[in-house]
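Next up, some structures in structure tokens.
Below, chain A partners chain B and then partners chain C, in two separate complexes.
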Partner chain A sequence: MSQTSTPARRRPTFSWLGVVPFLLFTIAFLILPIFFLVVGSFQDSQGNPTLQNYLDLTTEQPATAYKNSIQLSLITAVIGGIFGFLIAVAVILGRLPRAIRSAVMTFSGVASNFAGVPLALAFVFTVGQLGLVTKLLADVFGYHLWRDDFFGGSFSLYSMLGLVLVYLYFQFPLMVLIVAPAIDGLRKEWREAAENMGASSFQYWRHVALPILLPSLLGSMILLFGNAFGAQATAYQLTSGTINIVPLVISAQIRGDVLHNPNLGYALAMGMVLIMAVVILIYGLLQRRSERWLRA
Partner chain B sequence: MSRFGAWWAWAIFIIAALYMLVPLVATFQFSLQQNPTGEAYRYIFNDVKFFAGLGYSFLVAVITIVISLLIIVPTAYWVRLKLPRLRPFIEFMTLLPFVVPPIILVFGLIRSYGRPPLAITSLPHGSDVVLIGAYVVLSFPYMYRAVDAGLASLDVRSLTEAAQSMGSGWPRILLRVIFPNLRVAILSGAFLTLAIVVGEFTIASYLAPWSFAPYLSQLGVFKAWSAAAVSIISFMLTWAAMGILILASRGSAGRVQIAGAR
Partner chain C sequence: MSFLTLTNIQKSFGTMVAVEDFNLSATKGEFVSFLGPSGCGKTTTLRMIAGFETPTSGTIVLDGGDITYRPPNKRNIGMVFQSYALFPNMTVAQNVGFGLRVRKRPADQIQKRVTELLELIHLPDKANQFPYQLSGGQQQRVALARALAFEPEVLLLDEPLSALDAKIRVSLRQEIRAIQRQLGITTVYVTHDQEEALSLSDRVVVMSRGRVEQIGTPFEIYNFPATRFVASFVGQLNALPATVVDAGSGRLTVGGQEIRVSARIDAPAGSAMSLALRPEMVSLGEGPEGSNRLAGTVADVDFLGAIVRMRIRLADAVIVALDVFNEPTLKLPAVGSSITISFPADGPLVMAPGSEAGSGTSAAA
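Entry: the complex of A and B
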């Protein structure tokens, strides 16, 4: 940055120098590392250009990893999205005491940041074999969660179902946080207008509120999808890295080439980046659409 | 809304509260189960590795915050004042860390800086440098948003011209005029970074296995009671950071900050 007090306006050709430190940092610690992955993903083991790595993503292990990851993210995004939305509606429009509203918003801010290792541990202490809820179920109802029949199968926390349970813990509060401004933006006049025309509460939600909220609801769920899709720490801690989802395959790949092909690992990583890019893009588009009606 | 409305609202609220609170209660209860009561905590407070890990992560967080602020505040200020046409581009760049999950970022970092010709991680403190660099980049999205929102509430141009007319140079304008006026924005960005960096596991487990989250992860394997105790401590630290954040931003235009996946 210029050391003199002369406004840079007089030397416009140099004013872009002000953003150089920012760009250098982003290039060194984000762009360049990703660039190396991109290049590697288009090379074979001898360094020749190839598309084979991307074709190999359709082989069994990578394809299953993607399928599992997408499934996990989709399920937690939809359940977390719907329930998070209901919580936000309850807190904002349900006439609960004001203190509850601010407590829920504050707690959501904290809980959406309480992911990773301690969260996975907390669920082990809750519904693990020695967990509090597991023991309560056994002592009070004589039901042994891990041993007895569980919806026709057997329960394990270290499974896909377990991951869904744990991921929801940060998905609900995130949904509450991102959807609350949209619900706040619903104007009282719209409801009054609907009522004046004889609409029932159901009709108001079906024909007025939900259509207005839809882009923002979908956008929030898309963001939840990305949030679950990119998460690694929680799943790693809970399953010791044994479940076949993309982030865990990549962590194993970094430790020791489990795919027996470093370049396939790079392609696997790029696939994840691509999906995240699509997620952010759709989120941006929906966000723009929802701003048409809702200005907070 | 009818009185019935409040009834369903209570029901949803109570279910949600149970789901969110039971794991915390269970963790706390578990941490007290070791005999004698409090042993799990006694072990932690006598464990050198606990303080080393927490201290290291805290130091890394503070350095990350300082570097991130030194880069973002001048950049956001400069873009607002001189380069408004670059705004969409800078905003796009600060979105990139959302597109690249931490597991991919650390993969790329190890691929680029873990082997020749750029084998930084094998230099003394090399992996610390790469770790902090990664955290700085990860902090850009919310740091930039916080600071940019702060700048939006100031009249940057008038402040700058006033300072210039009294003979201030750029470093002085930034340090004496812009930084102090952005206190709230800076605090909120800083405490979010603190909460995230201290608890970050994915990148730390490769570049700094001795830091706080990897330490807790290992503790979970061989000392479950103490791991419960540390989880509770970690949750309280997150609460403290977020609490200060909320107190600091009270009254100003609050904006939801989303940190991304873990």
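Entry: the complex of A and C
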């Protein structure tokens, strides 16, 4: 008996509607701003097309801002990355009580998000010129943090060194959070297999654990770099814009000061978008490699 | 002469005793399997030999030297892990050569040994591939080569085939045995798969709840189980409730029908006993003269490929399972039909209910 078949009609599904708010939000606050940024960066103040804004990026102030921002981000990414990694290793593999791990992870979760105005003020209140720790050091130990020799110079919270110190406060906890899953992914059997074949603890870390963690480590540090590069509120609150870094220069250009040139600000922001895009791309590539290894 | 000796080994984790009073002497080149259910202490014992766990008491001696407290990286013992544990950042060749590399052997020597071992495991073309590019079976072969590369005195395998599918498991276990014979390396193999243990080993250590139940050749373990646990864990088994009629003449009743066994019975008439009877000892039909015969109805028929397993219901809800070899001319009885089954008098192992040890000499072979 022959059978006739009609293609089954697919029932319409509306589950995609759930993603609409996200799409609208993304269009309004990401796609459109980037579009206006791109367009604005190629226009002069009268709206005429120009490349001058990009040529101006090579002038002293924007170039110094990029140099300072890259320097600040690099230093805090490397120091925060290494410090955070060591803490994560100690907490996860150090056979410490579970409570300590929970406490460190909770602190990291809070501290990595504790940036901006509150963080800057917290540092002013502790190591500012009249801060609690500054006064304590002076009164109890007779050490004047802001006057005495501090790493070969006098200390100032409102300098690049001060920014590094403050940024590290949210950089290393972020590293702990990002790198913890990778360290957790190191399988006990790898260490045992290495030991079984005669490897010392050092040889295990050198030949097995560190190479496995390297993509995650570099990826995490790159993310830290991006995190510092984009931070604006902390630096602004702390230095009132006296330090020349990209986010502060952009805000100065767009908000309007003596140099007021929003279109140059757009070009600066485009440079920043580009750097962040490269950061995310490299992070993604390294993360993929690490996941492939840890999954195998 | 004993090459690997474990004497009075005990291991406790807090108040939990994982291994108790474990004694074993393995000769050089012997293949010994630890067989038992999960949590019986077999892996813990293996890990104590490897050095990853320290015994609470007892000694481990390897080739005359006490290694009980020697760190794992100073023992010269190779180990294959259940999860392969290949280093994901290294190629197959680098994995295999790792043990030699940390021993700072010259590069050409490492290269030569790696090539040799990849030939041995039939993967010479995979040298430059990474573990994630290999199948599970290939990864486990690489893990085996890696464990053998530095010429260990003992090879330990911790359920190495349990993550593989059935066909690969069978072929790989034959390969493992062939390689072990070829190299003549003393091997300790942990498994919960009785077929694997019986087919691979020179001797099997059956373990339960941290204790050794029996140590013997696969033949002894299967045919002369020393305890009720061994009898039930190794192979399929009918545990039939029986009542003693006359101990002297070996007469008992099973499901209300009288049978005779040749094993010694140490119980007075009327006592409840338990008979352990392998399904392959039971035949369809009345069997030769002198066989025990039981009448019942067919409860179900399972077609298992090479064999057909039937379950026969006797009176008092007693069920007897029996295996028949499959052949095209085999006529299978219908479920519910009446049937007679038979088994020889020397087939069953007699065990008193609740006792750990059997009468010990029941010949089922």
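Rule of thumb we're sticking to: the second predicted complex is superposed on the first by the 262 of 296 C-alpha atoms of A that agree within 3 Å, B and C clash if a C-alpha of one lies under 4 Å from a C-alpha of the other, contacts with A are read in each partner's own complex, and residues count from 1 in each chain.
Just so we're on the same page, a contact is a pair of C-beta atoms (placed from the backbone, for glycine too) under 8 Å apart; a residue touches a chain by one contact, two chains touch by 3 or more.
All of these numbers come straight from a predicted model, not from anything done at the bench.
By the touch criterion defined above, A:Ile87 reaches chain B but does not reach chain C. In the superposition on chain A, A:Tyr236 makes contact with chain B only, not with chain C. By the touch criterion defined above, A:Pro211 lies against chain C but remains apart from chain B after alignment on the C-alpha atoms of chain A. Once the two complexes are overlaid on the shared chain, A:Leu177 sits against chain B while remaining clear of chain C. In the superposed model, more residues of chain A are touched by B than by the other of chain B and chain C. In the superposition on chain A, contact is made by A:Val133 with chain B only, not with chain C.
Contacts of A:Trp16 after superposition on the shared chain: chain B is touched, whereas chain C is not.
In the overlay built on the shared chain, the residue A:Gly198 is in contact with chain C alone; chain B does not reach it.
Residue contacts after overlaying the shared chain place A:Leu224 against neither chain B nor chain C.
Here chain A touches chain C in the complex through residues 187, 189-190, 192-200, 203, 207-208, 211-212, 292-296, going by the rule given at the top.
Against chain B, in their complex, chain A makes its touches with residues 1-5, 7-9, 15-16, 18-19, 21-23, 25-26, 28-34, 36-37, 40, 83, 86-87, 89-91, 93-96, 100, 104, 106-107, 109-126, 130-133, 168-170, 172-174, 177-178, 180-181, 201, 223, 226-234, 236-237, 247, 250-251, 253-254, 265-266, 269, 272-273, 276-277, 280.
Contacts from chain B toward chain A in the complex involve residues 1-2, 5-6, 8-10, 12-13, 16, 19-20, 22-27, 29-30, 71-72, 74-75, 78-79, 82-83, 86, 90, 93, 95-113, 130, 133-134, 136-137, 140, 164, 167-171, 192, 195-196, 199-202, 205-206, 213, 216-217, 220, 224, 227-228, 230-231, 234-235, 238-239, 242-243, 245-246, 256, 258-262.
The part of chain C that touches chain A in the complex is made up of residues 50-52, 71-79, 81, 83, 85-89, 98-99, 101-103, 130-132, 146-147, 149-150.
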